[in-house]
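In what comes next, subunit A is part of two complexes: it sits with subunit B in the first one and with subunit C in the second one.
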Partner chain A sequence: MESILQAGVSGILMGGIYSLIAIGLSLIFGVMRIINFAHGEFLMVGMYLSYWLITLLGIDPYVAALIVTPVLFLIGYAFQHGPLNTMLVREKTREPLSILLYTAGLSLVLQNVALIWFGADARAVSTSYTGTTFDLGPMIISIPRFYAFGISIVCTGFVFWVLTKTEIGRAIRATSQDRNTAKLMGINEKKIYCIAFGLGSALVGISGALLVPFYYIFPTVGSVFGLRSFIIVVLGGVGSIKGAFYGGILIGLVEAIATQFISPAYAEIIVFMMFVAVLLFKPTGLFGLEKS
Partner chain B sequence: MDKKHIAILLAILFAVAMVPVFDDDPYFLQIFIMIMLFAYWGTSWNMISGFAGQMSLGHAAFAGIGAYTSTVLFINYGLSPWLGMLVGGVIAGGFGLLIGYPCFKLRGTYFTLATIAFLNVIRILVLANQSVLGFDIRGAQGLSVPWRGDSLVNMQFLSKTPYFYLILVLLLVVILISHLIKESKMGYYLAAIKTNQEAANSLGVDVTRYKLMAQFISVFFTAIGGSFYAQFILFIDPQRLLGFDLSLEIAIIALIGGQGSVLGPALGAFILVPVAELTRAHISGELAALPIILYGLSLMVIIYYLPEGVHKYIARWFRPSAK
Partner chain C sequence: MKKMAILAALLAATLSVATPVAAQSKDVKIGVLLPLTGSSAEAGKLSKNGIELAINTINAQGGIKSLGGAKLLPIYADSAGKPETGVMEIERLIVKDKVNALLGPYNSAVAAPTAEVAEKYTLPYMLTNAVADGILQKGYKYVWRSNQSASGDAIDMIAFLADIGKKTGKPVKSIALVYESTDWGSSTAEALKKIAQEAGIAVVAAMDYPANTADMTSIVVKLKSVNADVVIPMSYLNDALLFTRTAAEMKLNSAILAASGGFSLPAFVEKAGKSADHVMTLASWKPDILATKPDSSKKLNEDYKAKYGSDFSDYSANAWMSAMVMFDAIERAGSVKPEAIKAALDATDIKGNHVALSLHPYDAISFKQEIRGMKSQNIHARQVIVQVQNGKFRMVWPFATAPKDVQLVWPIPAWSDRK
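For the complex of A and B:
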């Protein structure tokens, strides 16, 4: 019984990070219908950046997050502003396959540049938080995971606030609903795309920084998280931030419990099968939410 | 295609066929074999992804199924890989239909994501299991193809030259089939489906049927390629053969060369694979990942500047009036 609880809590905590990564992707996908195949690699970049900030400058990991976030925002913004906007305009059809392929190429490049630059060995940082835990009843909670979860929730709330209560947020939502009408209303949709991509990348950057205190860092770390985030976005309903949030928690939970009671390999298979099932039977997403 | 084009292509074919006669250095032949294998895989992939527009990024799964099937049959029943590869092709084809039937309902990127999901499921299943249906597949350790002597029946040869001609013939076969499909009614239906599925459907094209047909053919040949690979390398590494990287490489080669055209993928292979293989040979150690970076960059550049692939560009040299 205790192990279910432990696995469950562990899963939910991890789910918080999955959610954050997925929300980042959801923003990008919701607004521009772009599948950023390099989303996971941006996470990897965030993680390595954090790593170096921590090991070279001795900064506290959560302070490093404050630096990594704007950097990733700028990287995302730049990509959208440059190549992606050009391709988006060119491809007027529904989901731009060309951008999926372009970002797939980008992900290969980023992964392997990291491989050459940093080597394949997994790195771990030893921070003051690493390995620390506290007890909650019968369970042992890892402090860095707990912080990661907490900060993810806060960030999610912040994103929500931005989307619902600010001018920019409304512009983003308008653009994702109908880009042409939004243009008619005076919204510079290209700029919105850049902001959305930047924001999505920033979220993935924070996630990376949050992972560093307790997760291994290696060049291909992005692929697992990246693929998970696509799954979660679809699971939660494309374009739905709430959906991505719940989806992330759900996947974290399912994964943890399945890993505990079956095996890590079959846990992955279950996640993939859930994904396919949702695609086939409930394409609007498990939570049936269309837009947030 | 007029006589001039056919003549040029035949000349190229002849030149390629003569390669082992002039230089049978095994390393040199190896590069050519890999070029042709990827050209073969790219051309097969193109039948569903290029012609029908259903971009699959999970095709490596079928190469893997083909490889494992023919190898398991070879190990356990001594079945000649010539037959084993056909069996592998059919079994993979079955999987292709099984996966395709529900997934073809999905549009564009969703379909692609689903193919990736299935690829991963198959890969994980293989990695996690030492045996399947009672047959030993060694899971993550990979399966060795036993050397049973230099023989045609066993599709195993000491020299690289027979492999060279084998893959050359296979490549010609898929190019021919690709051409036949493209010029047939099926090809036109697939093109219609690719352009606008709903419109094609409303005009009476049986969308599902043709997609499944293209899928089966594509998967069948991809699997045979996998069997060839197993017999050539004599080892199946599931991480490689069932990996997303391989799927993406096949797609990249076809895309760079020009998906939607018969010779595009082969062209792509002839451009990219030599560069990759040569880089791999001369750069060692840490920079070993350079060829993959090249693939990634090529994809980015081509998608951005020449989304139709290099083939369109070159075709213009041959017929400046058309298209």
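For the complex of A and C:
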């Protein structure tokens, strides 16, 4: 029983990070209707960036997160402003399929550039938080994971607040509901795209920075978390922020609990089965939430 | 007129290319297939270092004497760690480059289909580092392996666990396995289960997990609840680091004995830091082995260090030895004909102070006897066990040949008793 409790708590903590990554992906999809296949690679960029900040400047990993997040926002913004908007204009009369392929191609480019520049070896930073724990009753809680979870919750709340309470957020939601009507209402859709892509990238950037104190950095690290975030987005309902949040926690929990009863390899199969079942029977997502 | 000039020029070009090739036809061409790019590029590079040093050594000593001092000429090909690329490249080595013998390819998954190709062309192929049993259970006539096999790994590990009880009076009664769900992971786990049961050691958990996982906390939690004396993980470097760090965080008190993989790489101790304390792993080669070796072996390691900046490692040492066994056979064959090299390899009977045994803890190399269904497997191959002590791999087993100043820490201190 104790071990189920321990696994459950650890699973929820890890789920918080999954959520944050998935929310970024869901936001981008909700607004632009494109799946960013390079989402995982943006995570990788965020991780390497905070790795270099921590090792070269010797700063605290959470201070590094404060730098990585706006940098990733700018990268995402510029990426949408340049190539993606150009392609959107070119393909405005049909589904922007080439953008989908473009992000897939970009993910391969980023992976291989990282492979050449940084090598295939895993890198790790031993920060003052690495390996630290505290006891919660019979349970052991990893401090960097606990912080990552807490910051994830705060970020999710922040994104939710921006979307529901601010002018920009209302414009983002309007664009995601109906881009043509939004345009008629005087919303600059291209700018909204840039902000949404920037915000999605900033979220994945902060996730990367939060992972660094307890995970390893390698060129293909994006695929470890990228695939999960696709599944979570589908489970939670594509484009839904709340759905992505609950979906992430759920995946973390399912992985951890299933491991206690059957093997970890089967835990992954269960996750994929949930994915397939939701697509088939409940395409609006497991939680039936309205798109936010 | 113009056409004639072009023809003449082409002819001249062909001739000028052809002449130096003809002049070098005395060279013995060694085809070397390794993962020089891709995710096992690091292991490929280490293997290449070992082979390169072996070739340089032979050439510096006057080449293959029975062939009038013919020089060894390596021709490298990159498998990228992928079976289909490996097959293409090995065909190219055989058909286009017309190599006389083959070395490689590190990955077991690449070894299986490329062995098929070598067999088809009847070209001698010495496996380096690829451990899967299945490759040699096909009964190929042109494929050999000098280093240990996967089932041999399992036998050596269980023998070590049994020896612990005899030496310390605190026997290992139960083990738990955590293995990545790949060919290597599951075949080694199967072998371990079988051999452990025969030795009277209970296997209390066997968990396969998808390689390159995001989190190992729940796995470690499960391991804590089964509370085995020893946990045996089978993982490559990223997972090995994640597992070790998580085990330390969650205060897993079972001893860890890894089945090599990522745990045996120098990068493991470097990056896992304090959490790697007392972790044990199977290894093919570590510097401590030199303690029982003559000065010439120490000199060899110094040469390696001078050229490549670090000691030999498991992969470079295995590659070096495999290459030396192949070159020894070519020397004895006195011919580059495949049948002649094959006959010499089959008759291999390396013992005692033979140069090919400079590094490894074996007393012989021979392929004459079949073992566990494998043909042409060196039956004398043995692994050692090392334990991480003060951030270094120290050889602790076999107890008889381990350095005198190194003691196995057993039982492993509980996390609550560590500083």
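By definition in this document, the second predicted complex is superposed on the first by the 282 of 292 C-alpha atoms of A that agree within 3 Å, B and C clash if a C-alpha of one lies under 4 Å from a C-alpha of the other, contacts with A are read in each partner's own complex, and residues count from 1 in each chain.
Going forward, a contact is a pair of C-beta atoms (placed from the backbone, for glycine too) under 8 Å apart; a residue touches a chain by one contact, two chains touch by 3 or more.
Predicted model, so just to flag it, every value in this text is computed and none were measured.
After superposition onto subunit A, the partners subunit B and subunit C occupy overlapping space and clash.
Residue contacts after overlaying the shared chain place A:136 against neither subunit B nor subunit C. With both structures placed on the common chain, the touch criterion links A:259 to subunit C but leaves subunit B unconnected. When the shared chain is aligned, subunit B comes close enough to touch A:109, but subunit C does not.
Of the two partner chains, neither subunit B nor subunit C is touched by A:89.
Once the two complexes are laid over each other on the shared chain, residue contacts for A:185 go to neither subunit B nor subunit C. Of the two partner chains placed by the overlay, subunit B and subunit C both lie in contact with A:268.
Applying the stated contact rule after C-alpha superposition, one finds that A:66 touches neither subunit B nor subunit C.
In the superposed model, A:98 lies in contact with subunit B only, and not with subunit C. Across the two superposed structures, the residue set of subunit A contacted by subunit B and also by subunit C is 119, 223, 263, 265, 268. Taken together, the subunit A residues at the contact with subunit C in this complex read 2-3, 6-7, 10-11, 14, 18, 119-124, 126, 130-131, 133, 140, 142, 214-216, 218, 220, 223-225, 228, 252, 255-257, 259-260, 263-265, 267-268.
Every residue of subunit C that touches subunit A in the complex is listed here, in rising order: 38-42, 181, 206-210, 212-215, 217-219, 221-222, 224-225, 237-238, 241-242, 245, 248-251, 267, 271, 273-275. Contacts from subunit B toward subunit A in the complex involve residues 55, 57, 102-103, 105-110, 112-114, 116-118, 120-121, 124-125, 127-128, 244-245, 248, 251-252, 255, 286-287, 289-290, 292-293, 295-300, 303-304, 307. Within the complex formed with subunit B, the subunit A residues making contact are 35, 83, 86-87, 94-95, 97-98, 100-102, 104-109, 111-113, 115-116, 119, 223, 227, 230-231, 234, 263, 265-266, 268-269, 272-273, 275-276, 279-280, 283.
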